[in-house]
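Same chain, two partners: subunit A is paired with subunit B first, then with subunit C.
Then we have the complex of A and B:
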């Protein structure tokens, strides 16, 4: 076997996995805290990418300024999203939450098509076609940035959940809402923060990936279903589990695609999800907000 | 009381005026208006809108205005069949246009046959559509754009003349469109004792092509034929360029959708493609079409918009010649079509209800797309 080819596939898979993780972590956090499967998550990712396009082309923002600005706007959108739609939901409203977020997803996607049409847009950067070469291995620079940003986002979330009081409150709330209330945790404030962070992460993903992939209103669908599979494989609400499952899936897809028809690689995530649901329904790393 | 009488009189006059207007002619159109190919559906719709606007501005067809009912099929055969069945159940549509996606067209062909309503295909290119149409098959389906088989025959013939037909790798979407592309390539190469060096497919809607491009780099074909459209093509071509690949591109390379910075870099020089259309064709009728399209939609036309424009003209011409706007009469009129194409050729249908318009061979030279020839399909 060609060792360089194998290494290149592993490297590609690692980056693809990290991209999946960036989208899946927010989804997992919102489910872990609120018990809501946010079907509109892909559309928040799309809005982040679309906003990045306008920030770069109309406002002439730089790469890093765009990422920061879009993430902050996404956090604000998360706040609005929570107060307008999620705050009134009770734990028993699971079906209602699915229909609600599905409806929001459709409105956002079709609203995007109405406003911006489906013409694919590209976000130009000075490094759009620059690659880093390590011997015979090659990695586009923007993907390297994505790798760094996603790792930083994961570490920040890890520190927040494991080393801060609010993180402890989040973990407590995910374990038992009643017990958390008994020890004085305001579940609304904690849930609101989780939604702000979750939507902020999808905005960050959109801004980071806008220069990597073409931007258009239906782009969310390409990743969000894989993100769902990842969240289930990693354990619903388990952030660390989602991140590990995402990287595992990225590498697995890359290896399958490298040695077999690529179309088989796309089904790998869903086959893994079915197997997990059959044999380990709580996910590979267990349910609940964990780090 | 007086005011009431005046209002009633005005209402009666308006109603009489409305009744005097002849009823519009309704045409159905099934397109991907959402999903990964929505960009293509949008351009196809724009092409139809231009042809209909021109016809309506000239007084309509048979003295009646044309109204098109656009339905989204998401490039999904099941959704296409459902929407077409719904449209035809109203019995107001006298004919249908397209489907854009070959898979959808193949799925709705039996539906239009049962309903006895003509389907005029503008964009779907699978050879199987024409193979199943006309004599001994579905007499209600007509295909205006060239089939993959005729396009690839034109391309491979040109490549062979220039010593470039050997060692071609193939990368395309895993749909009837991509599969028909492989079949057409293999057929055209087989006639010349050649075959494809490698074949790879990807799922429609794929965003990341690094894995398959790494595989292509390793296979190192002499040239790479692409069968990719929409947002997939945009992602594919950017990642191809970003990964530093220099394998000459061919196939259905969408030269009008290559980002300018990639095209002008010169790295794609030598790429050769076949298309049913490109806006660069230097013919007066094409200049007029491009200007009218740009004015109406504030964007240049692409091959989808051209094909839909030309196809809608063919259908409107047939409705006019039918004299009655009844589906069976329109079908009979379609079989006798003789219409001058924007590309210079005369559009007429063969025994399989397939038209044989000109195809365009384009080449990328010095960072620019150049038309190197028109070839009858």
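Then we have the complex of A and C:
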């Protein structure tokens, strides 16, 4: 074992970790503000990746244009998703919200399989095989871009939540719906924004990761299952907790995958989730939308 | 009575298609009643039923092929394995919330499928473990009789369980947990009991099912089973014992007759689920309950 191999694993883990973070933060934000676990969350990530494939191959969009366009479309889809399905749900509608989002996930995933088959597709970019060399270390450019984009999105969300009025409203609403209503916060508008941001982040994650890995309709299901574990480890509704847990899980999985059988890397998130539930059910960082 | 009638079916038809359908009905009736016990009566959404089913199947198959166990020993062992898994996910997640239980159960089911596929040295991955046979039950008719008998015993067990203290306690917890707690009912204990019983029954059916197919591969963990069970429980009426069994019969036969492609079928089930949740906020059981309430009011 040498240091280069370890650093390479660490970088891969970081890249996948920040993408987990984009998905898990949205999931956590939606849960924190609407009390809904969005089981369809992974499918929006899948749709983002699929859309970027078609944008690049059919519309000949460039790398950055694709990411921007897909993210905007995802935000619009989030708005639609909120108005069509989530707006009528109350936090007390426990089973309804889960079954509804699960049903949507099944329609999107199996519709995707039906339309596009499960054959993996590659999204071509000008830098697919470009790497920055740092001593003995090879840093693929696309992975560095992914790291940068995800960090920028994370910082933007952080600033939004901690330094703006609407962020304050979000934090307030997640603590107490009634108290927030009393000081004049329109919970619908805040919830709508949360869903737009959450789905937008998912689309961004899909578009960013699409050129790094291959794209296929079942990719969402495999991903969201990690995101669930992350959200529980970080504390349901705790956005920064989810981000930290996501990066931790990404690195952990990559390190385990580098030295042990694949099964163990896949199970790491689940085992960590069960351990957290057994010994610290509130999650490592506590509940509620926090920054 | 029912048992005797059903056992006579193989004499009426030697058509293997109908015997297979009979086995599918028996299997799904137990699986969806198991989900009904947890979700319909206990108010907990469990997506892990397919994991209990598959664990029972893999557990029995591995015990028989690797350790040379007899099937009759592997069958209760399958129930024990499934129950332990159920208690693990129930105990860890229920102390947090119902949402956590839904999340953990779904994650568990997905994980089981991934492990079955990737742990090639144990499970042979997607090639599966073929050549499972049950001496003395090689003919389709014999396997049919065995499965139907087991299913009827398990369903009778569920019925007894639900009309006992457990069923009433579960319903009390679902309606008003703090009130039930104040009456000395420990919610966690009863929920775990329900999960354990349901997991055990699903595990037994899983073991029987893979020996009927004579092969077990990662597709026993397929989301298709989860979705089918959910549709049966929701359209049959969550919390209605006979409604769910009726729906199990209907939904084991009809989709097969329509011969949809599997992807399209799953998509259609998803649409049904979305429509049901949008149109009937309380689920179909809620709708029926509401209608019977209205009828009861107008009669007076």
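Simple rule for what comes next: the second predicted complex is superposed on the first by the 290 of 291 C-alpha atoms of A that agree within 3 Å, B and C clash if a C-alpha of one lies under 4 Å from a C-alpha of the other, contacts with A are read in each partner's own complex, and residues count from 1 in each chain.
Definition applied: a contact is a pair of C-beta atoms (placed from the backbone, for glycine too) under 8 Å apart; a residue touches a chain by one contact, two chains touch by 3 or more.
For clarity, every value in this text was computed on a predicted model and none was experimentally measured.
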Simultaneous placement of subunit C and subunit B on subunit A, clash or fit: clash
Which superposed partner A:221 touches (first subunit B, second subunit C, both, neither): both
Touched partner set for A:261, first subunit B, second subunit C, both or neither: both
First, second, both or neither for A:149, with subunit B first and subunit C second: neither
Touching partner for A:248 - first (subunit B), second (subunit C), both, neither: neither
Which superposed partner A:113 touches (first subunit B, second subunit C, both, neither): both
Which of subunit B and subunit C A:232 touches, first, second, both or neither: second
Which superposed partner A:16 touches (first subunit B, second subunit C, both, neither): first
Partner chain in contact with A:281 - subunit B first, subunit C second, else both or neither: second
Contact residues common to both interfaces of subunit A (with subunit B and with subunit C): 110, 113, 221-222, 261-263, 266
In the complex, subunit A residues that touch subunit C: 31, 37, 39, 85, 88, 93-96, 98-100, 102-107, 110-111, 113-114, 221-222, 225, 228-229, 231-232, 236, 261-263, 266-267, 269-270, 273-274, 277-278, 281-282
Subunit B partner contacts - residues on subunit A that touch it in the complex: 2, 5, 8-9, 12-13, 15-16, 19, 109-110, 113, 117-120, 122, 124, 128-129, 131, 138, 140, 142-143, 213-214, 216, 218-219, 221-223, 253-254, 257-258, 261-263, 265-266
Subunit B residues touching subunit A - in the complex, by the definition given at the top: 33-36, 38-39, 41-42, 174, 200-203, 205-208, 210-212, 214-215, 218, 230-231, 234-235, 238-239, 241-244, 259, 261-262, 299
Partner subunit A, residues of subunit C touching it in the complex: 39, 43, 45, 88-89, 91-93, 95-100, 102-104, 106-108, 110-111, 114-115, 118-119, 223, 227, 230, 234, 261, 263-264, 266-267, 269-274, 276-278, 281, 283
